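Next come two complexes, and both contain subunit A; in the first it sits with subunit B, in the second with subunit C.
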Partner chain A sequence: MLTQRYTGKTVLVAARERMSFLFDEFEHIIVSISGGKDSTALAHLALVEANRRRRKIGLYFLDEEVTYQSSADQVERLMSMFPENITKIWLQIEFNLTNSTSLSEGQLICWESGKHKLWMRPKKEWTIHHAPWDTETQTVRNKSKGFGFYDAIENFERCYHGAAFLVGLRAAGESPNRWRAVTKNPVNVNGKTVYWGTKKGDNFALYPLYDWNFHDVWRYIHDEGIPYSKIYDMQFKKGYPITEMRVSSLIHERAFKSIVDLPEFEPKTYNRLQKRIQGIALAQESGKSGKLFACRKLPKNFTSWITYRDFLLDTHLDHERKHIFVNRFARQLNNEYVARQQCRQLILNDYENNLSVDSSPDPRDELIRYYDEVL
Partner chain B sequence: MIRLGFTESEKDSEITRYCKENQIRKVFILSHGTSQLPCSFAGHEHIEYSQVIQYKYYYRLLQEIDDSSLIVVNECLRTQNRNDLTYNCIRNYLNQTRHRIVFQYLPIIDTLDDFMILFDLDTRSRWKRDKWRESMRGEIDIVSKRIDVRLDRIYVETDNQTRVAYQREKKRIISGIGLRDPHTIPRNLHLISGKAKLRVVESSRQYVGRNNRFKIPSMHTFKDDSFPDICTIFEYCHNFISFEDFLAKSGQSNIPVLVTDLKVDEWYHERYVALSKRIRDAYTAIHG
Partner chain C sequence: MVRYVDTIDQFYSAKSDIEPIYINSRTHGKVLVPCVNTLLVRPSLIVANTYNPNSVSDDKMSLLQQSILDNGFAFPIVAIWDDDQCKFVIVDGFHRSVIGGPDWLDFDYVPVAILNHTMAQRLAATVQFNKARGVHAVDLDADVIRALIGQGMTEEEITEKLGIDLDTVHRYKQLTGIAELFKNADYSLSWEMKDD
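And then the complex of A and B:
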């Protein structure tokens, strides 16, 4: 693994150098934004460089519909920051999103045609309403899951050749796995080895903020006076730990906890969301409790996580996707520790395996063995 | 500023002195426990630890606390999670004023990392996520009255029948542990050693134990609000915080402990001897 060493320069100077390098080497630069803090800092860095060179870059936002209103507002603010240097690429197209809050409506079709009265907010006139690629030949990673978020990204990226897609992915201060994933496959950009990117078909995905920590991002936003999503302020006031301050989709398997505080942060968004999709009221009530979604406490009428998992599998409502879980679990260890994680996947309808299961021996067994020896 | 090992009267005089020197108009005392810290300064308000996170206090206090307020964080080291919601809320209160006093009896719960929670409170979390290092000493105004915890073992021998019963119970608990917390193994085995200690209990002595299941008149529990001057530990509690609460409330530092020859008792005793060493090491690390 690439080791981390301190050099004499700050991460900001290094990121500006990277940005300058990208503008030297690439004709097409597209910055992916989400309305979050990282992409806000990245977009600003890129726009400052574009403005200095009097060039145009794309700001690309794949709108998941079920997001905070503040995130959409933040994207709009970013897109109006340097108008002469921006090509707005705001996609409001149909694709599938996993709904972790309900098994009877396990997927949301964002911006589904015919349901415009239920949409979280109306589409903007100037955004892209139809897929800008040939839908006849579009690729889908897994047909049983349908055309999803990552399919939309891949197909969009294929519209370009030799372009640099900048992503606000950070590896410093995150897990070692993240660091490894970012740096393990360095790319060659016109003869220069770049450790902060990956090759994606004809294009490059590049992470100029890969060595930034979360406080570097906040420091940059503060020093430059950049507006940011107000959801962060509310989460800070409520004492959210840094790792749980998120502003992405509200319904996927890592973000459903956001729904608990949504009525307080954005009551109108919460009202719309309740009408839009099933399971929201349940997630709002029990999103942070250990009993349901987090699967930290075994329901009273079960004696073990294994029996609970088997029950959830037997009674799984989504018959089309049940086999995905059955096949996956067959490859994993069969103990209480693993079964609890499998229950969580089933409850959150995580057929995409985003909440990976640690298939290893039960750590409780080790503790029991220790007590058996020392006592 | 951080003040370690202060008694209630010392805390009171420290608050009074600080208020006089800094023209403080109101004192907010955030305290754990049912008994309130006596405060002779007229304009003070008590907020119980569990109330710190409640909306009815949170938003009001954010509005009321200003630079003429003193916040006293009294014995609030209750969890080792540095990002705990209560700590975050306290830090938000502390952001409203420069005036704060952090009182704590012992510097740690279990490890030196716990001291960083007190350090965060006193320094507006300047080094949040960092571990303690010597260079941080200059950043805090800290006064410690060192508490040197010494545990004097009183040996209690068990008979063969008790040892056999102990082994039988151990097998039974481990085989039936199911999904229960594995820490129930030492907790439950500890009950057997309690029976063995009964014969050495003296009516003239005061004891402290997990509970008063043997109906001993001179037995106190770790959750009591006050203790006599000298208490013998009848049996240890499993949780370090309860033990440290006992130290703070009783003011005792040389403590006789009944320890049988059963393995579970040895294990608990070694655990607490190691803790008392970590407390001594923490003072050395903090002050040099």
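And then the complex of A and C:
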């Protein structure tokens, strides 16, 4: 039986041992970084080991363009930390992103050619400007949505064989589901079973910080004097709970909350963003209230979620996407419980079905039936 | 010349004397300046509008009172004259009028600038006044507080003058940042998955 066991070491000692193991077993090591705290700590741990062994590792950043300026700054700082031990892999290439803040402009093509005047930031001279793989034969998960974020990751990883991609994923404090997904299929690394990784095609994704808590990450960053994204200090000053501090993308389905405080955190980024994509002002003003984007409360001029959903569908601005929603909803149950979730998909323009709808009977009906019988 | 308005009749006679004042914009031509013709009006002649969606929290109301005491009543209440009600109806400055009212400073007169607007124009004006304003960049706000402390202002004075609580002052004072908070945290114990 698979059980979880304490080792008697601290997470820092254990992570250094894991790092040493990875450098013993793998010739190619690439660390995925985002500008966030977890990947910052991970990159530093890996670089210290690389420096000790006089080896070179890749620092890899897939740049979504629509990010905090502080994230780009942080990536740049990380990439200049141990110059002799780093291969810089900063991708600024075209791919599609979902824009959940706008109904008329459902997709953003980041780094779209010909739009360089609108880009959130200019491309850097030394970053990678064109896909380093054969775009004629590149794979696309879903043709109707086009080449997206995950396609970019997959095609990039396929450029390598037998490489270790290190990711700052942590199980501690995160959802158990997330961790179960990670440990489900242990990988075999040269005869050794490793529970903190998955096989990805020819390569491996590995999570050396899987047992770290957020306070371990901050302690490490403090002790080593590593620079980190300014956004965390601003979120702290604004009184965010420590566990809710995130330096995420600015426009995907769950990111509209981060736009609320953007004018206070990075006024220049906010101004650029307004020019770059539609729907930002509304997201900024209403993002935190449960009424519009979270769909927790029915707007006062509607009497049911079903009528609100039908209204949203009838008035949908994008005919192609409307079709996707109509077809999808036709396969789902028609009750208030389901309709509320469908409203959320419509409001967030989630035609990709990332916030999936639980199509089951309204739990309140069961309760009403129960009381009907009892009373 | 300062015009006082105690009664409706006084307003009607003052109205005919008021001469609109304009300034010239290089890009948009003549622009009206109602604040030059501000009247000092009895608060009993002023009523709120029924549509203003703006809300101000209690701590910001205290700050508004403090601002009026420290800086004077520098921004007149903006209103239209409603012939049906025989009252000034507020377009902007509802919360200033509340501060001037009996629950707070209880003024004898408050300054009112008068617009000549239709209902649609009033609705639009209220939204324009409410929304066309800035927010404070968090790190600059913190800089201002550190500068005030450098000028010798105490934390208590800052909470009173700027309308922010002590906790916020402490956060802003922290030059060190979030990582510093965890310097004494113990590392967690490591665990692993075992198949047995």
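In the analysis below, the second predicted complex is superposed on the first by the 333 of 375 C-alpha atoms of A that agree within 3 Å, B and C clash if a C-alpha of one lies under 4 Å from a C-alpha of the other, contacts with A are read in each partner's own complex, and residues count from 1 in each chain.
We adopt the following convention: a contact is a pair of C-beta atoms (placed from the backbone, for glycine too) under 8 Å apart; a residue touches a chain by one contact, two chains touch by 3 or more.
Please read these numbers as outputs of a predicted model, since none were measured by experiment.
By the touch criterion stated above, A:D216 is placed in contact with subunit C alone, subunit B being left untouched.
More residues of subunit A are in touch with C than with the other of subunit B and subunit C.
Touch criterion not met for A:R141: it reaches neither subunit B nor subunit C.
In the superposed model, A:R52 lies in contact with neither subunit B nor subunit C.
When the two complexes are overlaid on their common chain A, residue A:K9 makes contact with subunit C while staying clear of subunit B.
Legend: residue contacts after superposition of the two complexes on their common chain; A:G239 is shown touching both subunit B and subunit C.
In the superposition on chain A, A:D372 contacts subunit B only, with no contact to subunit C.
Of the two partner chains placed by the overlay, only subunit C lies in contact with A:K230; subunit B stays clear of it. In the superposition on chain A, A:P267 contacts subunit C only, with no contact to subunit B. Once the two complexes are overlaid on the shared chain, A:Y195 sits against subunit C while remaining clear of subunit B. According to the touch criterion, the shared surface of subunit A, contacted by subunit B in one complex and subunit C in the other, consists of residues 237, 239, 242.
Listed in rising order, the residues of subunit A touching subunit B in the complex are 237, 239-242, 298, 303-305, 336, 364, 367-368, 371-372, 374-375.
Interface of subunit A with subunit C (complex): residues 1-15, 172, 183, 186, 193, 195-196, 211-213, 215-216, 218-219, 221-223, 228, 230, 232-234, 236-239, 242, 245, 261, 263-265, 267.
Touching subunit A in their complex are the following residues of subunit C: 135-139, 142, 167-168, 171-172, 174, 177-183, 185-196. Of all residues in subunit B, those touching subunit A in their complex are 53, 83, 85, 88-89, 92, 170, 174, 177-179, 182-183, 185-186, 189, 263-264, 267.
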